[in-house]
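Next come the structures, one after another.
Each of the next two complexes has subunit A plus one other chain: subunit B in the first, subunit C in the second.
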Partner chain A sequence: MRPRIWITLAKGVVTESIRRKDVWVLAILGVVIIFAAAALGLVGITGLEIFMKDLAVTVLGAFSTILAVLTSSRVFPEEVKNRTLYPLLARPVRRGDLLFGKFLGAVVVSWAGFLILAALVSAVLFGLHVHLGAIAFQYLFVKCLGLAVVCSVGLGLSTVMTPAAAATTTFILAFGSPMLSRALVLTAQGSPASLPVCRVVEAFLPQTHLFDLGARLVYIDWSPVSLSVVGGLLGYAVVYSSSALFGSWLILRRRAF
Partner chain B sequence: MKATWGACAAIVLVGVSGNQARQLADVVNPKVQLAGVEAHETHASASLLGQFRMSAATWLYLHADLYLHNGVEMRPQTSTEQHTGQQSAVAGTSDLGQGEGTGETTVIPAANQDFRGWIGDLERACGAYKDMRGHTHNPPETAIPLFRLMTTVDPSFIPGWTMGAMIVARNTTTGPQDAVKFLKRGVEENPTEFRLRYETGFYLAAYSRSLAQAVPWFEEARKLAYTRHDLSPDESDSLRDTYRWLALCLRDMGRKREQQLVAQEGIARFSDDPVLLRLVRNG
Partner chain C sequence: MAQSIAVSDLVVRYPSSGGKYTEAVSSLSFEVREGEIVGFLGPNGAGKSSTLKALMGFVPASSGQCEIYGHAAGSVAARRVTGYLPEVAMYYPYLSPLETMTFYGELQGLRGAALKKEAQSILELVGLSKWMKTPNRKLSKGMLQRVGIAQALLGRPKLLILDEVTSGLDPVGRQELRELLRSRQRQGVTLFFSSHELSEVENLCDRILIIDKGRLIDERALAPLQEELRQFAVVYLGEVELGDIARSVSFRGESRLASFDTRPKLLEAVDRIHSASGKVVDLIAREGSLETYFIETLRRAA
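== the complex of A and B ==
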């Protein structure tokens, strides 16, 4: 019963995303990437293979994160704003189902966008005779897990903030994740007394940078990561996303609409 | 139909104007700085383009270090790390020799400096991390195209030319000659820049031992920098080295009187420089 509700709600998010022409944005970005790569191809890319891969991974990471943040942080507030939430809640749809269905939809849109962009970028790189290697599949899988974490954060924050504030905060957390993590490590090193606080903050921060195998994909002779590491990342993504959604559900169930 | 023809005409027009734009290159981007108002001061688009070129070149420059270290990101040690005597992840040696990387450590912390436990372990396993003590570098040829690209994107980006020449010089047995060729292109693009002339002279003198060829480059660098009193720390170092190398070359060529003049002129600007002082005393 419930999976059917989740799938229906997720389909609604995907349809809304298509209606809002998010796919067009992706298509335009793809065309820009192709033109940029073609321009570099005209100059000649001999010796610039690493640079091309670096550029591709940077573009992929940035655009897919932007799409995930924008999709996840607006799906729930829009239901409230457009007053479409009330007929939904009048049906036998629990608030938890609503939250999870929206999360699934946001994840599907983010993954679809990411995979479309990845296919475009791979085609361009292939055309320029730049090969990615087997680690690319691992990169795609792990990045998808990271996007799910980003979606859970965006959706969770959108239940307590305005869409703009939620999107901004999620952007800061998603893109600033490595920087915030480094800052905590340095703070703990410089002031051992702050270690307990650093541990707590670290536990709450979404570690989205863990899901980026880009550097291993771009530079030479890095081996794929072991299955136990992928398992660890999967576990982290599941636990963190579940916790974020559970926290949002706790807030949402007490909220009067 | 009309719209299609209009679009085609617009594309042709853009193509033709783009083809003619090269002729305006020297006006929009003069190789010698004009004393009067420049394009970037009156045209927002020129200013934006300039900013983009500068940012792109700087971004590429920062990435060159990553290319040489195969993606392992480095940072300077903090004062706390230095004071507490924590072992540098680099430990001061590499295939570039003693000193390269001294006081640096990896951006992803080593396990013994990381409180994050398994999250830190995951990051070390997923990111480009390795123990950099006594580290080696990727072959320089991996970074050379990057320097060529950054100097093409922004020909006035001097660190791109100087660092690029250093990398080119390490490349093969013909490296120093290639470095000189690379720098000469930089000099063509930046005729008033004394650092590139100094660097050209340096590779001729230090690597190729062509003192007679090196001296004119040092002389030109000295002349260009002579009237400048607003030098940045890097420029100041280059000028001091110009005086040193010029005086040393002249000494080795037996031109003692000129060597004395150069060393004294250098002392007038860098009064505490031990090399120049010794050259004046022993000259």
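== the complex of A and C ==
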């Protein structure tokens, strides 16, 4: 356990993201959404509340996932491509520490971006007298868990793929998670013999759609999920991310650079 | 004297197309003693960088052993005592040299005021005091090389492994680097470096290793080699006896060629030729060229 090294590496990822203005781009997009939403509010559309919440949840989910995918799938291969990896590997740092530090950095960047955007969107909704309620905290917490899973997938794939290929694959897995799960269910129903294979494939696929409580936030009469469900999601996120990182470490530990 | 580097029967293979392997380093064995400055020479593709990468643990050895101060090459313990300069210096473009040093210093285990002080003093030492806070992306190639040298010196390593150390440096920079490396040697630091700049090697090294096609083809201490390569000779006419001071005397048509080990012997020979009414036709007095020796060694090995 070398938390100081993890923190240093994570700080490096965060600094890069800030200096490359990734988070600023996100903040600007957030401001654009504020103005767009405010304009709609001024027009005085009736039944605006659900629409506004829906828009906010969609934008939050999409932008934070984009940030998580782009950050996680680029941190490692960029080091290889730019040859900044050599002085890094020359330090007394284990490859496992390197991987975990980078993961931590990607998670912090995606969480920070998500929370900044969420704060901006909440401010706009509050200004328009649209209240989210306490369920918003549950939504934020569970979404953060989902972003950690996305980061582990992006980082893991980037150890075996180019940054572009890793990003594309992670996008497909992150956004297409419900479709892929549905496709597997249909395949298993159509051909019962394929059920064991479908189950194995499903276990490997990240179930990111499970972490989206957006609908509960949008529809007022939907209640929060129970704590046991949140606990289950937390467990899934920890186990899936750890497994993805462990698999990446197995690839990375003997890789030649 | 303790060994800084011990390499024994090192083989490095890379996978190539068709499930085959390319052998970059073949049964390479050598040692570097503590406090030595050793130049690692070879033509392009000879296996120099692969050897250095194996020493740093960037590529796994297919077989054989590499040790740094008794620790397995690439282990955390080995890397803790080693400073490394990669062949192509690339550093985070969005950081300044001071931030780069702080980042690497923290990974080295340094912290707080001590790290800041060491980082600043090394940056001053490599001539980057004016550019400490300038983003790396705005620095020239030579300045980036200085950042690379600075990061290699962080944490007071006992061994410096430098790949193409003078790359991108101007003559003034090279001289400053020479002085810096010599001062580190006086402090007991071992230097193992590769370079295509043979004049730098001549100026710095105690010993040279020459490799070609992944194999060690020559290993020489530099001082005796330079002595051996020096040429002092006279071409003269007349019956003059020089056998007692000359290394060799041979006939060249009507004239004779006498070679000597030292300059005083050559001067004495010239005196004798004049005294004996002989005639000096030509005088040869030059330091040996490591470059010529290097090329001839490669030709012999081919």
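Going forward, the second predicted complex is superposed on the first by the 255 of 257 C-alpha atoms of A that agree within 3 Å, B and C clash if a C-alpha of one lies under 4 Å from a C-alpha of the other, contacts with A are read in each partner's own complex, and residues count from 1 in each chain.
Here is the rule we use: a contact is a pair of C-beta atoms (placed from the backbone, for glycine too) under 8 Å apart; a residue touches a chain by one contact, two chains touch by 3 or more.
Given the structure is predicted, the values throughout are model-derived calculations rather than measurements.
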| item | value |
| --- | --- |
| Three-chain arrangement built on subunit A, subunit B and subunit C clash or fit | fit |
| Residue contacts with subunit A in the superposition, subunit B compared against subunit C | B |
| Which of subunit B and subunit C A:Arg74 touches, first, second, both or neither | neither |
| Subunit B versus subunit C as contact partner of A:Glu16, first or second or both or neither | second |
| Arrangement angle, subunit B at one end, subunit C at the other, subunit A at the vertex (C-alpha, nearest 10°) | 140 |
| Subunit B versus subunit C as contact partner of A:Leu89, first or second or both or neither | second |
| Partner chain in contact with A:Asp212 - subunit B first, subunit C second, else both or neither | first |
| Which of subunit B and subunit C A:Ile5 touches, first, second, both or neither | second |
| First (subunit B), second (subunit C), both or neither touched by A:Gly190 | first |
| First, second, both or neither for A:Tyr236, with subunit B first and subunit C second | first |
| Touched partner set for A:Lys143, first subunit B, second subunit C, both or neither | neither |
| Distance of closest approach, subunit C and subunit B, by C-alpha atoms in Å | 28 |
| Overlap of the subunit B and subunit C footprints on subunit A, listed as residue numbers | none |
| For the subunit A and subunit C complex, residues of the former touching the latter | 4-5, 8-9, 11-12, 15-16, 19-20, 82-84, 86-94, 254, 256-257 |
| Subunit A residues within the subunit B interface of the complex | 43, 46-48, 50-51, 54, 142, 181-182, 184-186, 188-190, 195, 198-199, 202, 207, 209-213, 215-216, 218-222, 225-226, 229, 232-233, 236 |
| Partner subunit A, residues of subunit C touching it in the complex | 14, 53, 56-60, 76-77, 79-80, 82-84, 86, 88, 90-92, 94-95, 99, 103-104, 106-109, 148, 151-152 |
| Residues of subunit B touching subunit A in the complex | 60, 63, 66-67, 70-71, 78, 80-81, 84, 86, 107, 109, 113-116, 118-120, 122-123, 125-128, 138, 141-142, 144-146, 149, 152 |
